[in-house]
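Look at the two complexes coming up: chain A is in both, with chain B in one and chain C in the other.
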Partner chain A sequence: MSFEHVQSRWLFAAVSLGLAVAMLMLGPGIALLATEVAIMALFASSLGFLINYGGMVSFGHAAYFGLGAYGFALAAAKLGLPLWLAVVLGPLTAALGAVLFGALCVRLTHIYFAMLTLACSEIVFTVLFQAYDYTGGDNGLTNFMAPRFGLSPQIYAALTVAIVALCIAFLARIVRSPLGLAIQAVGEEPHRAAALGFSPRLVQLVACVIAGTLAGIAGTMYSVFQGNAFPDYAGVGITIDALVMVVIGGVKGFYGGVFGAIIYVLLKTFVSRAFTHWELVIGLILIAVVLIFPTGIAGLLQKLGLSRTARPSGEQHP
Partner chain B sequence: MSREPILVARNVTKQYGGFVALGGVDLTLQPGERRALIGPNGAGKSTFIAVLGGQQAVGPGSTVHFAGRDISGALPQEIARLGIARTFQINRVFRRLSVLDNVRTALLPSNGRVFSVSERHLTALTSPAMTMVTGLGLGRVAHDAAETLSLGDRKRLEFGMVLATRPKVLLLDEPTAGMGLNERRSLMELMVEHAARDQITLLFVEHDIDIVFRFADRITVMSRGKIFAEGTPAEIGANSAVQDIYLGTEGAPS
Partner chain C sequence: MAAQLLNGLTEGMMLFLIASGLTLIFGITRIVNFAHGSLYMLGAFLAYHLMPMLGGSTVASFASAVLLSAILVGLLGLVFEVLILRRIYGADDLLQLIITLALVLILRDVVKAIWGANDISVPMPASLSGALQIGGTFLPLFQIVAFAVGLVVITLMVSIMRFTRAGVLLRAATDDRGMVALLGINQAWIFSSVFAVGCFLAGLAGALAAPFGNVNYLLDTNIIVMAFVVVVIGGLGSLSGALIAALSVGMVKGLGVIYFPRLSTVLIFLIMAAVLVIRSLGRGAISK
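Moving on to the complex of A and B:
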């Protein structure tokens, strides 16, 4: 491990801590917005990890966001469990879902993988929508808790930023670890990897569970943030949001999801105030990104020397 | 030939629909030998390699034994872990990873570190990987992404990766295809040298007859999914029927 690497770790920790502290000084409206950005940054990063490193383009990532939200909300609202336990159960539900759906989906590749993930998330959505007695159907689960556990927007924003930073640091650690290399190897050349002794499906399943669990943490934090849960949290719309964030942010870098979430949520919030068809603006940006700088914002920043991608090598100069 | 053979394939068949790719192939490899597998295009050489590597399932009645163990029907990763490694006809490396990381990745399964999240376990592999990279003459591009390498260097890298799995048998599918004349020989010399040093048995598919006669101990000739002839380079060279199948069918050696 070199100086450069240690330095980037401290830099990450310092920036995260600085951001968390800065949340405490914001106005309530901006703090709420920052919370949404942070949650979506984690969700998009988990999908970006699956796409950029695992080579798996999922069209059903919202399933885990929804399972994270409902795992928490059902535990709190219907089972009456203590909130701390419900908060743990949310991501666990998503992890369990990722084991189940992942084991099914990694049997296929490319567009067939994507379609199977879409089918899985549609199943989750339909169950949440139809199981009215338990989930409240399209009325969702509401009024079972004060949003943010009654914390002020600023404190919840600081808490969210800290948790998201920890999760992203964990992802960076995975990427730089032997497992990270295995995931990239299988993602890029599954036949080569198998002929070296890797079990491709098992490695892919582990990647799915990591991504699904982190998406579940995002879902739980969102449910706590809003104090509710709706079937739409598992809907294809949220998956598309995250896919757009990943593409805008950059499909090659590590921080693509973070940059993408910042841009997407800010545009959605501010452009929609001035202009009803904010999706049009997103669409134009998406076209520009794909055609002009396909490596996204992260790739652009890297080219300008402002950012570095988290790759296992690079830090290993002797 | 009194030693136990390391690889024994018996009656290997493979059909794609109505097309018989392999019509009952028998092949026995002695430990440490360098066997060339030659034949016109479409003879079934690559399919046979894929059967040995587990990429293709064998047809009914086929058996493959490796070091006395039945490996017919085993998965590619199981076969790789037992000690049969292969390179691909179309070069396959992890293009986005650095040269060093390609080799470190190849070292993970045999070191039992595939699912480790500890960076230390990866750092521990840096020095053996670097030794391998330097030994292949790739030291100066060790930190470059594999996609920036020339084809020759990528072939060296893929060879280094399979070597890192510590194989007992190495299957090379057209190791020198697409290379210039001079580079073919130096690449083959490098591979044969490393294989001899690590006492690895070689089975290589090759179209360049000069390379075949220079490097093979024995030659197996395939034609239309069957073994056509087998012998020492001298025997095969003197066999006029072998020359006929090359000249008499389409797809003469390049």
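Moving on to the complex of A and C:
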């Protein structure tokens, strides 16, 4: 464990703590926006982990976001469980979903993997949409709790930033662990990894469950944040949002999801305020990103020497 | 019952039209065109826009609006391929996906800017809005016509693929692109034309199916997901597979509405998942 590594860990903790404290001093509107950015940063990071390290492009990541949201909302609204228990049940539901779907999906690779993940998330979406006796269908689950447990926007923002920072630190820890190296090895060269004694499918399943659980945490936090749950939380739209964030942020950097979420949510908020065509702007940015700097913002920063935390590739491993 | 059957068949036929373009493009260029649903949606909006300009709701104006919309969508596809897509063949899967996703976002915004965010409806040609009485049941005439148009397109496609030089090249390129290039065939030309034809088919399906339901900017993702399902069940790159899959999915949807209304959509995705998993059983431990 190099000095640089320890230093970046302290830096990360300091920045996170600073951000969380800063949340308390913001105006309520900005705090709400920051909360959304933080939640999406976690969601995009979990998908980025799957894509960048596991080599698995998922079209169905929203399934876990939706399961996290509905696991919490159903437990709170329909089962009447105490909120602290419901908050735990959300990510747990997503984790269970990830075990089930992951076990199926890791049997496939490339576009077939993507298609099966899409089918899984559409199953979740359709079930949430159709089982209206339990889920309220299109109308969603609403009015079962005060948004943010009734906390002020600033306090909830600080809480969210802290939780997201912990989750991302956990993800960074995973990436640097032997497990993380195994996930990367399987992502890059499944045959060679198998020859080294890894079970590619098992390693991929573990990666799926980690990513799914983190996405579930994001979903639960979003449901608490809004005080509701809608089937759209498991829809293709959310998956596309996350994919766009990962690509804008950068497909080679660990913090790609974070950068991408910041840019995407801010663009969505401010461009749509100034003029209505924010999707057009995002689309043009995407084309520019892919054609001009395919490694995204994180890669650009790395190229400029501003970030040392980009993904350790084979040659420059820490 | 017969009406539901026809419903399912027509929906299946429309699904085939869009899925055939998707599978054709994938077979040749290995690009998974996420924007295919958006092109379908664009076709529907163009038909809505062009019909009044071409003389209202007569059969002739509807037919020419449909054809013109499809051609315009095909041209858009051609421009997109030549200007952008061409640069990233052979790049990472994810980048190719993202480029087509960018087109999804752009088209959605453009459609919203031009035609607004509300539902619009495309009128059926007046003389086709009646019903045909066969035995004791009334079958909507327009559905029969739409189905027949689909059959014509299939016949055309099959004859082109079977009997023309272009068809031979396409089949060869689906099997082995490198070998076709070695034969001195201009690959860029094949890729561009296939992409344009695929987009043409998406536009055609969108315009033709527009009178069946409300048209809005959310159509893109709904349609692309169903098209993916069809293409995957039929086997990526396979036209005949796509036809069987599309008609089956259409039937499940059409009949499902009567027998198991809540389960029909889930059932379709379960079939897709089952097909994918069963196929994977036949392969080795890890297939790349």
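We adopt the following convention: the second predicted complex is superposed on the first by the 309 of 318 C-alpha atoms of A that agree within 3 Å, B and C clash if a C-alpha of one lies under 4 Å from a C-alpha of the other, contacts with A are read in each partner's own complex, and residues count from 1 in each chain.
One rule holds for everything that comes next: contacts are C-beta pairs under 8 Å (C-beta built on N, C-alpha and C of every residue); 3 or more make two chains touch, one makes a residue touch a chain.
This is a predicted model, so every value here is computed, not measured.
By the touch criterion stated above, A:98 is placed in contact with neither chain B nor chain C.
Of the two partner chains placed around the shared chain by superposition, chain C is the only one that A:243 touches, whereas chain B remains out of contact. Of the two partner chains, chain B and chain C are each touched by A:191. With both complexes superposed, C is the one of chain B and chain C in contact with more chain A residues.
Within the superposed three-chain model, A:177 lies in touch with chain B and out of touch with chain C [touch as defined at top].
Touch criterion not met for A:69: it reaches neither chain B nor chain C. Once chain A of one complex is fitted onto chain A of the other, the partner contacts of A:120 are limited to chain C, with no touch recorded for chain B. Touched by chain B in one complex and by chain C in the other are residues 191, 194, 200 of chain A. Listed in rising order, the residues of chain A touching chain C in the complex are 51, 57, 104, 107-112, 114-116, 118-120, 122-123, 126-127, 130-131, 190-191, 194, 200-201, 235-237, 240, 243-244, 247, 251, 276-280, 282-284, 286-287, 289-291, 294. Against chain A, the residues of chain C that register as touching in their complex are 32, 84, 87-88, 91-95, 97-99, 101-106, 108-110, 112-113, 221, 225, 228-229, 232, 236, 262-263, 265-266, 269-270, 272-273, 276-277, 279-281, 285-288. Across the complex, chain B is touched by residues 1, 173-174, 176-179, 181-182, 184-185, 188-189, 191-200, 203, 206, 311-314, 316-318 of chain A.
Listed in rising order, the residues of chain B touching chain A in the complex are 53, 55, 75-77, 80-81, 85-86, 88, 92-98, 100-101, 104-106, 108-110, 113-119, 121-123, 125-126, 130, 143, 158, 161-162, 164-165.
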